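Just below is one structure, and these are the notes that go with it.
We call the chains A, B, C and D, going by the order they appear; numbering starts again at 1 in every chain.
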Amino acid sequence: MDLHPGPDAEALRAATAEWLVSRLPLDRASNRPAGLWDELEAMGWTALTLSEDKGGPGLDHATEALVFAELGRHLAPLALISTAVARRWTGLDRRAALAIPDGAAGWRVLDPEGADRAIAVADQALGLFAFTSGEARPTIDLSTRQVRIGDASLDPIEAPAALLHLRVLLAAYAVGAADAARDMAVEYAKLREQFGQPIGAFQAIKHICADMAVQSAVARSQLYYAACALQEGDADVGFYIAAAQMLAVRAAIANGRANIQVHGGIGMTDEARAHLPLKRAHLLEHIAPPALRALL
Amino acid sequence: MDLHPGPDAEALRAATAEWLVSRLPLDRASNRPAGLWDELEAMGWTALTLSEDKGGPGLDHATEALVFAELGRHLAPLALISTAVARRWTGLDRRAALAIPDGAAGWRVLDPEGADRAIAVADQALGLFAFTSGEARPTIDLSTRQVRIGDASLDPIEAPAALLHLRVLLAAYAVGAADAARDMAVEYAKLREQFGQPIGAFQAIKHICADMAVQSAVARSQLYYAACALQEGDADVGFYIAAAQMLAVRAAIANGRANIQVHGGIGMTDEARAHLPLKRAHLLEHIAPPALRALL
Amino acid sequence: MRIGFTPEQDRFRAECRDWLGANVPAERRPLNAADALAFDRAWQGKLFTAGWAGIDWPTRYGGRGLSLVEQVIWLEEYARAHAPWVGANFVGLNHGGPTLIANASEEQKAYHLPRILSGEAIWCQGFSEPGAGSDLAGIRTTGRVEGDELVVNGSKIWTSFANVADWQELVLRTEPGSQRQAGLSWTICDMRSPGITIRPIRMMNGQTEFCEVFYDDVRIPVANVVGGLGNGWKVAMSTLSFERGTGFIADQVKNMIEVDEHIGRARSSGLLDDQRIAEDLALLRAEVAALRAMTYRNVSEAARTGQPGAEASLIRLFTSELAQRVERMAVRLIGDGIVDFAYGDDDPVAEYLRGFAQTIAGGSAQIQRNIIGERLLGLPRGR
Amino acid sequence: MRIGFTPEQDRFRAECRDWLGANVPAERRPLNAADALAFDRAWQGKLFTAGWAGIDWPTRYGGRGLSLVEQVIWLEEYARAHAPWVGANFVGLNHGGPTLIANASEEQKAYHLPRILSGEAIWCQGFSEPGAGSDLAGIRTTGRVEGDELVVNGSKIWTSFANVADWQELVLRTEPGSQRQAGLSWTICDMRSPGITIRPIRMMNGQTEFCEVFYDDVRIPVANVVGGLGNGWKVAMSTLSFERGTGFIADQVKNMIEVDEHIGRARSSGLLDDQRIAEDLALLRAEVAALRAMTYRNVSEAARTGQPGAEASLIRLFTSELAQRVERMAVRLIGDGIVDFAYGDDDPVAEYLRGFAQTIAGGSAQIQRNIIGERLLGLPRGR
């Protein structure tokens, strides 16, 4: 038992974080540069758990989760998740979008740019389908666009681990969003002065930040545990991953909301970035939500 | 429309409060003097809404609620409620206990001392039954004892207003408990010093007290509205009273809990009185709880 | 105590209902700013002409001269009739006007009040500053007295309708070197004055409801000061107490109606079978009912004493957090529909995002709790 | 990262489970104080004899000399076996002992540690005072140095098992006139010393778990000071960091088991069909799982660095509030059974009432949030 990232995983995390600060700054989350996807692909993030004989570095899911939490902190594209899952479990060798149900028959294909295949979550099972992207429309998450399509014919992905893998990466993105909100709020609380002192000196604000820290730590711990359970084939892996996903999304929403409150008026503006993690959280809430029965 | 108590009602409330401070101090709520009931009866509180031709002062339900909130603040006996309802709607001329279901067949007769009749709430309807009190056992509320009896034969009380009347008085008691908890917490927060100043100067404590004040004010306002609706035969009286009862019990529990937290360690002791309003609230929560359908 | 109204008041309510039933426009308030302004003006003009503007304002300024109770009745019927939001007339009707009535000279009142009621003059607010949000006393925008003029420099923020307003209620630091609450003045600023620059701010729901306003040697006649030079804090507080007291009745009734509509829709869709949603809706319904009861209590006290009750600060806090809960419930009821929100949409998601302002604007929920703790409960200030 | 254990650790777990399965007493820990003490001593003696006391304490003091990971495994199996609460041995095993290991002289350790492990010596805590609860630095009980003795005057409160303890970890102000954290000393006080008076305090659940302890010229050898005169704050903090870190693992596992039992019972009784209860139970189950994961993370960090991680304060706050939520759920599941609670009952209601201590004792939740805000997040202290 060791839930501390070792020096190698920590080094990878730190390198990821450093790259993202310069290439994927949060302030430009709603307006990513063209060609970004190729850069992201070149970093190898969609192949982390591929074995060496398949051209990957053969890392474990916990290390992958650590890296995807960093990606999530910068609101990286959702297609990194669907592409990583598609590559690992279907051998697809190119970008895959992520599709969620749109009513009874149709689909919302998220992050469709540059993709002609989508990983779809249908009734607690995964499938892959082909689609042709029309003009993409916004989602609530300013860094994710969508095309809505009618019925599509799904190739089921049989490996049960594929959906678990997808959920771990979604949870990692949510942990990243929760952390981003916490860090923004803490940073602002140290700088912004009212009544002659930084607002973070007031318990009313300080304690909001403390609760955000608890939310993030709880979610991150369960994420690590769940990723290890997937890696090690634990018998209760379904529960651990459902718990991680639920806690991470809850943390992302709670911290996202709290972050806006800590920022006050400026937090409600489009130009400030305080709303971005919350909106990402509201999108993640509706991507493959865990079933209640998986938790009981 | 006037939800401000007039000078007459206010004078009656103030006189009630003054009497209660000396005769029904909260610190002795678990050990009331013998003969108290006769004194309470002599004050006329169980006959407030009786018309003058029936020997009462003919007051309205809102004024009665105002008085019962004061009684509730001092954790006065529950039998005041059942006796007032029995007197008004069945003409019973002596003390009535208050019975709630105990499983499918039996009853918990609350406040049985000196009574041989009980008002019982069965499946959202009221009845009266005769009982013989055995030795009374405690309830969670240190100022209320109970006897548990098997099946009893109920005389239904037909007037639909009787149950509404009972609910208004229960809500008034709960508002009183919520107010008692708020006042205790505020008083303690002004006196208790830590880190060199009264703890009420810290936002962490101040804001707990502010939330208690909101809880109390919300519940009290709806209580007045509901009591007026009963008095005036408003078409939606069932909803208004159910809302008042729910909000009052929620306020009593929330404030009861918060009061203990504000008091810290001392609040958890038996000798301090901080636990008393919370325990009363937990009892009130299970007396004739409003049905969800009454609220939707 | 009673909740019923007098026969006269019942008749008044019937009149309100009849007129609103016949006159509320069928079309929604336009989203486009210019169209919205024309719409707001036209509707306010119509209200004024028909005698429905300023129910409790003095008749000599164009009001109806009735009591706060009739004003409440009007606002209840207004909301029930789904009459349009007052829009650009909000500040004039709910902030500026009441403040003038309470504090202004006869000349100021005679000029401005009828123009507010008729929709001729649009007002905006100028209290908050980038460095003084919840800390209103931290105002740094200055008004230097030069002869019979104030020369204004600085900036204000969160000003709704600044780009269309004729007048602004502007709080300035007019005593050089003064600190905190002292040395402030409440003035009427002509928004067409040279030296004013306006920058619209886009909010996170995509709307540009607010503006930042910059003042560069803007000249305002000293005669436009209301309540006397240096008394701005007291005058501003009188405005805020209106806002915290009865200024939000229309919103409250709207919340009641919305919750009932949510319940109706949840019943039709079957969502009400989810006990979690049913219980949460039941609680919301009880809470919005209690909010009306609180408001009635407050109005009753105001009717007896002439000013909003001490519990106005409780109403303000409860209103703001309750409105957020109602907005969140609306979003919960649309389920994954939230995914499709886009800037420009005018839907429950836009309302939910806009609703974050509830616990921020006009003094954050944290500040409201300080006020309740210190002023209402008598708890000490922190050192 | 991995959650699996080494083959050696798995074998150790199997040994724990086997021994506990064969040796956990069938009877419950008695409620009566004297019987409970005898029970606690006997059980701890049995653990000690069989080699299960002090899993991660050095062997030269009677411990097993294993790592924190084996200690966690032991505590998990201990809770799963429904082994008895350590009772009167809690302070010695979880506070006093670890503090001695980290700070005491060889002589102090050699004398006290084996006696703690064997159940021979019962310890109690003496930190809080009536005037210094969450503000631990406000300690006023004095220890005047007279030759080679400290003369102690004052009082302590919330001392569990004071009436049966042999020793007390007692923090005193030993520098006259010193302020706050300075001038305190952590001492070992013989509870049989003349001048000690003990008053049991009845709590709101009817139990008399805590005592107030009064000191009237009580004499303690200066040799009983641990970590040096005047260093008491530092020594006390090392105890608290144990408490905030891994001291509550047994409780955490107990919470996990309880939640699973609640779910099982709610399923049999049909209560689980209530979506509200089902969702709340699902969340609780996820949260107690996450608490274990947090503890594992903390233990992993301690294994790498030798001390509890910086996130220990987060665990402490989350544990306390989560335990209260679990206790409230237990009360919710008994429905109107709460009405029948009486002093002397040992049931979910007693636990619920006792559970208010979770966010009060050992630094209130408010203090925990200050600590997280200031030490972990680097937010400034208020002025």
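Everything that follows uses one rule, which is that a contact is a pair of C-beta atoms (placed from the backbone, for glycine too) under 8 Å apart; a residue touches a chain by one contact, two chains touch by 3 or more.
Computed from a predicted structure; not experimentally measured.
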Far-end chain from subunit A, centres as C-alpha averages: B
Chain pair, A-D or A-B, that carries the greater number of C-beta contacts: A-D
Averaged-CA centre spacing for the pair subunit D and subunit A, given as whole angstrom: 38
Intercentroid distance (Cα basis), subunit B paired with subunit A, Å: 50
Averaged-CA centre spacing for the pair subunit C and subunit A, given as whole angstrom: 39
Per-residue multi-chain contacts in subunit D, two or more chains: 275, 279, 366, 369-370, 382-383
Junction residues of subunit B, two or more chains touched: 202-205, 207
Arrangement of touching chains [line / ring / star / complete / other]: complete
Contact footprint of subunit D on subunit C as seen in their complex: 274-276, 279, 382-383
Partner subunit B, residues of subunit D touching it in the complex: 128, 131-135, 138, 157-158, 201-204, 206, 335-336, 338-343, 349, 353, 356-357, 359-361, 364-366, 369-370
Sites on subunit B touched by subunit C in the complex: 1-6, 9, 60, 62-63, 186, 189-190, 196-198, 200-203, 205-207, 209-211, 213-214, 217-219, 221-222, 224-225, 227-229, 231-232, 234, 239-240, 242-244, 246-247, 292, 295-296
Complex contacts: residues of subunit C adjacent to subunit B: 1-5, 9, 69, 72, 263, 267, 272, 275, 278-279, 281-283, 285-287, 289-294, 296-297, 299-301, 303-304, 311, 314-315, 317-318, 366, 368-370, 372-374, 376-383
Subunit B contact footprint on subunit A (complex, rising order): 202-204, 207
